[in-house]
Each structure stands twice: as C-alpha cells, then as structure tokens.
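Consider the two complexes below, in which chain A is the common component and chain B and chain C are the respective partners.
Entry: the complex of A and B
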C-alpha cells in the first residue's frame, strides 16, 4: 500500500495525488492520442461517440454526482446545445470556433434560468420538474418549426477550423481529435472545479443542505450555478453530438435519452469523473456489443432465436437492475473495491465499503 | 352537446390517468418511494387480461379473467417487492426511481416478447356499446370507467383512513423507525402496498384496454399520470384523481380549440406551473409538525 505523506496544505487539493497517478493518466492520454492510427473507421467512430457521450455524462455528473440534484431533463440541454450551435452557424454565419462555445453558454444560461424557480424543489420533485422540461423542449422544437425546421430536422454542416475540414465521415480522424480536445478541456475544468471553493460548496449541498446552509453556502444560488455549469457542459456535448449525427430533429433528444444519461452515470459510478467515462462507455458500446453478441449467438445456434426486437433496452434495464441491487456505487465503485483489496492485500475486510443503513422519514411533515 | 361529449371522454381518459396516478400515490404514501414503472404495471395488467380473455389467446369469459388478472397483478407486486425492491430498503428515493425506470424497460420487453408489438384491444363486453341520456350519446365503456374509478377512490380512501392496516401503512411512511417501535412489520407492509398498487394498476389496465388498444409502449402513459399525481398533490388519493381528471379534460379541449402541437404540451406546462407556484400540488399533503 502506498502512503502519501502530506507535507503541505496543497497536498489535499493537488491535481494528482502522487507521481504514479500522473504517470498512469499520461499513459492513458498517449494511448488516446495514438489510437486513431490503429483503429478502423468503424471503431474510430465508436470511440468518438464514447468521447461525446462522456462530455454529456460529465455535465450531468456535476449536477447529480457532485451537487446531489437529480435531473431527468438533460436531453433538453443536449438539444439546446445542438440546435444553438447549428443555428448560429446557419443563420448568423458564425464559424464553429465561436458558435460552439456560444452554444454551451446558451445551454448554460437556459439551465440556470430553469433552475431558479426549481431551486426550492428537491429530491423527487426536482426530477419531475426536469422531466417536464425535457418533454416541453421536445414539443417546442416541433412548434417552432420556422426556426428549428420541426420534425424534418436540421443538417449539421462540416466544421472548418483554420482551413481544416472536420467531418464525421470524410475525415473521422479529425473529428476524433476534436472530440478528444473538448473532452480534455472539460475534464480539466471539472477537476479544477472540484478543487475550488465552489466545488466544495456543491459537495456540501449534496451531503447535507442544512449543514451547508449553516456553513454559509447560499443554497439557491449554488444550485442554480451547478445547474448552469452542468447544462453548459451538456450543451457542448449536444453540439458535438449534432455534428456527429449529421442530421437531427426533436426525436434525437427525447425523454429516453434523458433517462439513459441518468442511468449511465449511475452504472458508471456517481460522484467521479471516472464514473462519467464508464457510463458513457456503457451507453455508446452496449447496443453495438449486444448486436454483435446476438449475431454470433444466432450464427452459432444456426437460428434466429436471439433476434427479439427491443432486446437492447431490455438488456440495458436488466444490467441496471443488477447494478442497483448489487453494486450501487457503479463500475468505478467496484474498481475501487478491487484496488483496495490488492493494496491492502491480506487485510481487506468485507464491510469496508458498507453503507450505513438509514430509515426514511416522510418529507410531507415539516 | 359537443362540449359535453368532449367533457365525458376527457373525464373517462382522466379517470384512467387518475387510476395510474393512484398507484404512484399508494406506494409513495406508504413507502416514500416512487414507482416509475407504474405505467408499465398498467400495461402488464392490461396484457394479462387480454391474454386471458381474447379469443386468439386463452378465450376465458371476461368476468372470470378480470378477477384472475387483478389477483395475478397483486401477486406480481408482492413478489417484486419481496425479491427486488426490498433490497433497496433504506436507500435514497432516487435510487428507487432509477431501479423502477430500469424495471419498466424490462417489463416492456417481456410484454413485447409474449404478446407482440401490434396494438391489441380487449374483447370486453362493455366496449362499443352506447348509453343514451336524453339526446346525449355516451360510450358504455366511458361511463363504466368513470363509475369504477370513483368507487375505487372511495374504497381506497376509506381503507387508508379507517382500517388498521391502512393507518399502519401511513405510519410506516411517516417514520419507519418509529413504526418499527410500534410493532408494525414495515417490510411486510411495504410488500402489501406494492401488491395493492399492482391491483390498482390491473384495474387501470383493464379499463384502458377496453376503451382503446394497447401495445407494450403504452406504459409511457405513466409519465402523464405522474404529472397528474403531482398536480393533484403527491400523497393524496383524491388529489391523484383530481389531477388525472384535470389533465384528461384539458387534453381534448386543447386539441379542439388550440393550434396543433399545443395539446400534448398542456399537461406538462400545467405541471411546470404547478411546480413553480404551488410545489406540493392542489391538495397539498405537507403539514407543519405539531410539537
């Protein structure tokens, strides 16, 4: 087991706890950088989709994992980001480098505005309120057809940065690097957010609103900021998703996507950046893996017994049920347990990660 | 006359929403949990009844298959709590929300695999007949739906406020630990309420399937019913019915008198406004604690 001796106050909030950790992440970055040279265009596209989903998951993770506010409405912010990005390019002729950050800002402002009246709600009511927002945005896109082109959808143009063309199909490698760059920026921002007073205020609200208030955290404002940042990052993910999908309409960002995003970060592991990536891997890879596994099983058994429609979502649901029952801390939580087991090798005890049981009380009595 | 007919069909729709919403409220009232799969419970109940009644499946008489369906859904609810939900005891509400959303996916798949994805309607004796009140022609199914819903609301309300088990259910939600101290078997009470909620969902499903057709994705109606429960005041049985009726009545009128596209927004717009201005619903159940 490695013991980190803290010789300065900064050791608690340093970006990396020790040199080895830095080394591992540097290795991961190098692998991510050289990956396109070893992958075919299909798997490169899958990796790009993973990166884009992980941006969206990180956005939601800031709200759910760090601030502890459940949202079933993040597909709305994906949609706002995607539509804002493409409309700014088409209607105002802005270049991608300007429209992309602006899309994030617009989604963020929308998120903060929606959060203001909802800051009084908590728990289940917040989830319902955000659910209503998703459905409203979905229908609003159809109603505002002159602007958004309704159900026909919008066509995302190829991106031009300094004469470099970035297109999902013609130059998949460029698109991958674009997604990677945005992902790295978001991770950098997220990690620094956690080290800042604002990030600690988020954690305080998550752990106990009452004690956060007692420590001088302005609950309503901090929740609104958290909503704004979360929606902004999700909006960036949405803008990239729009370019990735090429053509999108209101159906691309329906209520199921909202639910899937929330489910993904729960499977990944709430409250960690790793969890966002694991969750994104589940969203991006699971349908393909199930399809491939099904084809193999069909081929092996020589029948079509495994081609049942709706299999993907059912498997997704089943995996989620298993996770909720047996590993509520998600994939990252399981990894932490395995790592701790080996770090402490003979001394790991079964109850080290046990949650404290609690008894619920009604929220209808105050 | 036209307005009256719209009103009655809205009321009948609203009653189905209200019944699903009541399933939400039952579970919330007794366990503080929210069952997002309630719409899928309704769908499953409807499909079980279709499977028992319709000639292309088992072809039992309607009045035999209805009690069998209700009993089966009751047992399903009890078993689900026993096997799955009980393991989540003492965890946060959101964990249960996520679990039940996932269960909904699974139920939808199972129903699709057994009964197919084509819309089916229930071969029920109340479908397609008319009742005449003066010049007013109403579908027998609609009148029946309204009647059954009101009856069920009254029975459930009396049950919760007048019987020993009903009061025990309320107690186990108000404070689980104190309920244990009073000798209430909290976990078994939770299983019973899941059974009751499954039975309510079965009634909703049977009524819904005799009014129109069902397919596995009809469970998404649960979201609308959920909005109804919140509008009426989450935790109140009459509130759930009231919210359901409000949504059910608003929809046909908005569809008639407003530009297209707005009709489906209205329930959620109303939900949003209620959450902002009166977060605990019309018949709010939030009381100040007496010390």
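Entry: the complex of A and C
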C-alpha cells in the first residue's frame, strides 16, 4: 500500500497524484504512440475506431457519469458533429483544422439549447425526452435532403492538414495519430474539468440538487453547460466517425447507437474516464470478436451452425445483464477491486466496496 | 437594522396553513433558535429563507433588502448558508470535495478557463483549498479529508455538512437540527462550535433544535412555534416557562384532567 505525503495544495490539484501514476500513464502513451508500427492495417483501423468511440463515450460520460443526467440522444450529437464537419468543408470550403473544432462547437451549442427544456426532467423522463432528440435529428436529416443529401448520405473527403493527407484507407497510420491526438486533448479537458469548480458543481447536481442549489450552484445553467460540453465532445467524435466511415447517412446515427453508447459507459464503469475507454473497447471490439469467434467455431465444427443473425445484439444484451447483476460498477470498478486486493494483500475484505445504505433523503420540494 | 427580518409571513399548501403570520427579527451576531413540536413549521421557515417556497403574504428581508425576488441559488452569494435535517451531502465525493463545493460562491473562473486549467484557475484552487483547510481545522475533520461520504458514520456527516455551510463564509448560518441523532459528547462539541461560530467568526446563527439543553446553552433568543403560529419569543428561560409553550408540548390542564378522569 502506498502512502502519499501531501506537502502542498498542489499535491491535490495536480493531474497525477504521484510519480508512479505518471510513469504508468507515460508508458501507456508510449505504447499508443508505437502501436502503429506493430499492427497490421486491419487492427490499426480497429484501434482507431476504439479511440473514436472513446471520445464519444467520454462526451456522454461527462453528462451521465459526472452530472447524473441520462441521455439517449447522443447519436444525434454524433450526427450533428459529422454533418457539420463535412458540410462546412464541402459548402464553405473550410479546411479540416477549422471545420473540425467548429463542428464540436455547433454540436455543443445544440446540446446546450436542447438542455434548456430538458433540464427540468429527471431520470426516466429525461431519457425519453432525449430519445426524442435522436429520432428528430434522424428525421431532420431525411427531410433536409437539399442540405444533407438525405438517405443517399454524405461522402467525407480525405483530410488535408498542411499538405499531409489523412485517409482511413490510404494512410491509416495518419488517421490513427489524428484520433489519438484528439483523444488526448479530450482527456486533458476532462481531467481539468474534474479538478475545477465546474466539475464539482456537476457532481453536486448528480448527488443532491437541493443542496447544490443551497451552495449557490445555478442548476439550470450548470446542466446546460454540462449538456453543451458533453454534446460538443460527442460532436468531435462524430466528426471523426464521419471521416472514418467515409460515407454516412441518417442510418449511421440511429437510435441503436444512442443505446449502445449508454450501455458502453455503464459496462465500462460510470463516473470515470477509464470507464469510457473500457466501454468503448467493448462496443468497438465486440462485433469483430464475435465475427472471429463465429468463424473459428464454424471452421471447427465444419458447419455453419454458428452463423446466427442478430448474434451481436444478443451478446451485447447478455453482457449488459451480466454486468448489472454481478458488477454494477462496470469494468473499471472490477479493476479497482482487483488492484485493491493486491495493494492490501492479504488484508482485502470482501465487503470493502459494498455501498453503505444512504440515509433518509429530503423529500423533493415543490 | 436587523440582519434578517421576517415580516408577517404566511405560507399555505392548499388548505393547510404551514406558516401563519409569523414575524421575527434576527439581529447580527446572535444565535436565534426555533423550537416547537413536530409539524410546527420550523423547517418550513428555513425553506422560506432559502427561497425554496414562496410566501403567500408578507416579506422576508436580508440586510434590509427583500429576498423575495431572488432565486434559491442567489442565497449563497448573499451570504446565507444552510444545512439540512436529513443530511444532503454529495455521497460519491470526498469530504474535501464536499467542502470545496461550498466555495462555489467564490468561483471567479468560467468553464473555458477551467477546461484549459489556466494558471489563474490553479491559483484560485489554492486559495479555495487554503480556505477549506481552515474549516477542516476548526471542525477537526483532518482524518476524514480524503474519505468518501458514502462510508462515513452519521455523526461525522452532520459535522461535514456544517463545514460545507461554513466554507461558504456566510453572514447567516441556518442549522436544521444540528444535534439530532448525535451522542451526548457530539452534542457538546456542537454547542462549543456554535459558540465559536458566533464569537470568533462573527456569523449569525439561526437553528432549529429539539434538544432544549443545547438550545438554552447556546441561544440568545428563542422563538417557539406551533401549528405555524408564533407561541412565544424571548430568552430561553422565558420561552421555556411560558405556559403557552408548555401547553403546546404537554397539552392543556383540562385535557390532562380528562385523561386522568
């Protein structure tokens, strides 16, 4: 077990609590940087997809994990990001370096505007309200065909940054590094949020709106900011996803994506950046893993008995049910338990992470 | 001029009159206690001051200005802090983070500078942490600083909630049953702290409390309420010996005789 002696306020403020922690993340970064040299183009593409989903998951995590507001509307913000980015490039001829951040800003503003009526809703009602947003955006893309090209979809051009071509198929390595850079930037923002007053105000709203208000937190405004930041980050993920997919239409960002994103962060572990990455790994890798497992099983059994349609959705549902029952804190929660077990060996107790029943809550006023 | 003026306030929930034409003034630097049987409207008075409820009639003035046009989240900025009867802490955050939320009123940075964590945000953070460190020292919460609320015992939670209210650096502190559920020793600690809050920090305290020992030990004046109406207002001794207060708590002599007969 490690004891950290804090000798200054900065020890609590700094991004890394101690040198070892910094060391581990530096190692992870180095692995991420050298990975393209050891992976074939297929797996490099998969890793890129994982990073893009991590960005989207982090966006949703800020809203759900940090602020405690459920959303089934995040496919809409992915769509807004993807469409804004490509349309700004095609219609206004803006370079990627400008259209990409602008796409995030546009998605963010949309998110904040949607929050104004939505922030009054709680729990299941909020989930249903945001669900409507996904459906509305889906329909809007079809109706606004002159702008969005409707069901035919949009074709995302190759990215050019200072003469450097970034294309998923021709230069997968460049695309990977682009996704990695954006991921790092988003992690940086996320971490900063957690150690600043706004992040604490988010947590305050999540745990008790009534006392957050008594502490001077403007609930409606803070929720709108949370929706805005969350939608903005998801929009950045959407813009990258558009380039990654190459061609996309309203079907690319349907309601299933919204549900998958929400499931991913629950499976990954609510309320942590790690959870967003673990959850993204599940949605990015699951279809491929199932495909590979199915092919091997078919080959072993010499039949096509394992080619069942709808396998992916079923597996996803099964994994979710298993997590809900046995590990509600998600993959990251399980990892924390394993780590604590070894850190405290042999003094780990089974009930260490058991939640204590919370005391009586103040009834909702008005 | 009084710090808080409660001017002929009435609050109705449908046909129920929760607070009925109650008037009182709280002077700067005093400890003012609200007592009364359950359902007397004590917590409702707190919720009126916190702007959670709008009174049907009357006016509430803080520092001479009416607060009725303001939002609940404006109260912290005015300098009114409060605790809750059923502890309302942020369960999934540490004691330190809970106290830091109390510093929200003093936030000067905006979300853009916070996303980038500029040097200004860092220096502000240091200032906030220095301020809450004083609160931690005052309430002896050092051992719990980095503990999550979800794992803390009830008594500690009560004190953390008081600390969070103090972190606001208020002018007026509303304590809703600060000693309920505490042991005798813990209640004595609360009595000392309330004394110190008044004398050292110069904060005016209004407290709702059932423990009459605590009330008579720390409060300068007491207001007794029953069924939303003012029963008696005066020093703890005066209120405790007021026949109307005794009647509200124990019942009238006639009734007693009926029960006995």
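The definition used in the following text is that the second predicted complex is superposed on the first by the 355 of 366 C-alpha atoms of A that agree within 3 Å, B and C clash if a C-alpha of one lies under 4 Å from a C-alpha of the other, contacts with A are read in each partner's own complex, and residues count from 1 in each chain.
Everything below uses one rule, namely that a residue touches a chain if its C-beta (ideal position, glycine included) is under 8 Å from a C-beta of that chain, and two chains touch if they have at least 3 such contacts.
Please read these numbers as outputs of a predicted model, since none were measured by experiment.
Asks: Chain B versus chain C on the shared chain A, clash or fit?
Replies: On the shared chain A, the partners fit.
Asks: If we overlay the two complexes on their shared chain A, which of chain B and chain C does A:346 touch? Say first, second, both or neither.
Replies: A:346 contacts neither chain B nor chain C.
Asks: Which partner does A:133 reach: the first (chain B), the second (chain C), both, or neither?
Replies: Touch status of A:133: first partner only.
Asks: Which partner does A:163 contact after superposing on A: first (chain B), second (chain C), both, neither?
Replies: After superposing on A, A:163 lies clear of both chain B and chain C.
Asks: Taking CA centres, what is the chain B/chain A/chain C angle in steps of 10 degrees?
Replies: About 80 degrees, rounded to the nearest 10.
Asks: Would you check which partner chain A:142 touches, where first means chain B only, second means chain C only, and both and neither mean what they say?
Replies: The answer is first: A:142 touches chain B but not chain C.
Asks: Which partner does A:200 contact after superposing on A: first (chain B), second (chain C), both, neither?
Replies: Once the two structures are laid over each other on A, A:200 reaches chain C alone.
Asks: Between chain B (first) and chain C (second), which, if any, makes contact with A:40: first, second, both or neither?
Replies: neither
Asks: Between chain B (first) and chain C (second), which does A:121 come into contact with in this model arrangement: first, second, both, or neither?
Replies: first
Asks: Touch test for A:317: chain B only (first), chain C only (second), both, or neither?
Replies: After superposing on A, A:317 lies in contact with chain B but is clear of chain C.
Asks: Closest pair of CA atoms, one in chain B and one in chain C, after superposing: how far apart in Å?
Replies: Minimum C-alpha separation, chain B to chain C: 8 Å.
Asks: Could you list which residues of chain A make contact with chain B in one structure and with chain C in the other?
Replies: Residues 355, 358-362, 365-366, which sit in both footprints.
Asks: How about chain B: which of its residues touch chain A in the complex?
Replies: Its residues touching chain A are 31-32, 34, 84, 87-88, 90-91, 93-95, 97-99, 101-106, 108-110, 112-113, 117, 173-177, 180, 216, 223, 226-227, 230, 234-235, 261-262, 264-265, 268-269, 271-272, 275-276, 279-280, 285-289.
Asks: Would you mind writing out the residues of chain A in touch with chain C in their complex?
Replies: 9-10, 12-13, 189, 192-193, 195-201, 203-204, 206-208, 210-219, 225, 229, 271, 355-356, 358-362, 365-366
Asks: In the complex, go through chain C and note every residue touching chain A.
Replies: Against chain A, chain C makes touches at 47, 50, 52-53, 71-77, 81-82, 84-93, 96-97, 100-105, 107, 109, 111, 114-117, 121-122, 125-126, 128-130, 150-151, 154, 157, 164, 168.
Asks: Considering only the defined contacts, which chain A positions touch chain B in the complex?
Replies: 70, 117-118, 120-121, 123-125, 127-129, 131-133, 135-136, 139-140, 142-143, 255, 259, 262-263, 266, 308-311, 313-314, 316-318, 320-321, 324-325, 328, 355, 357-366
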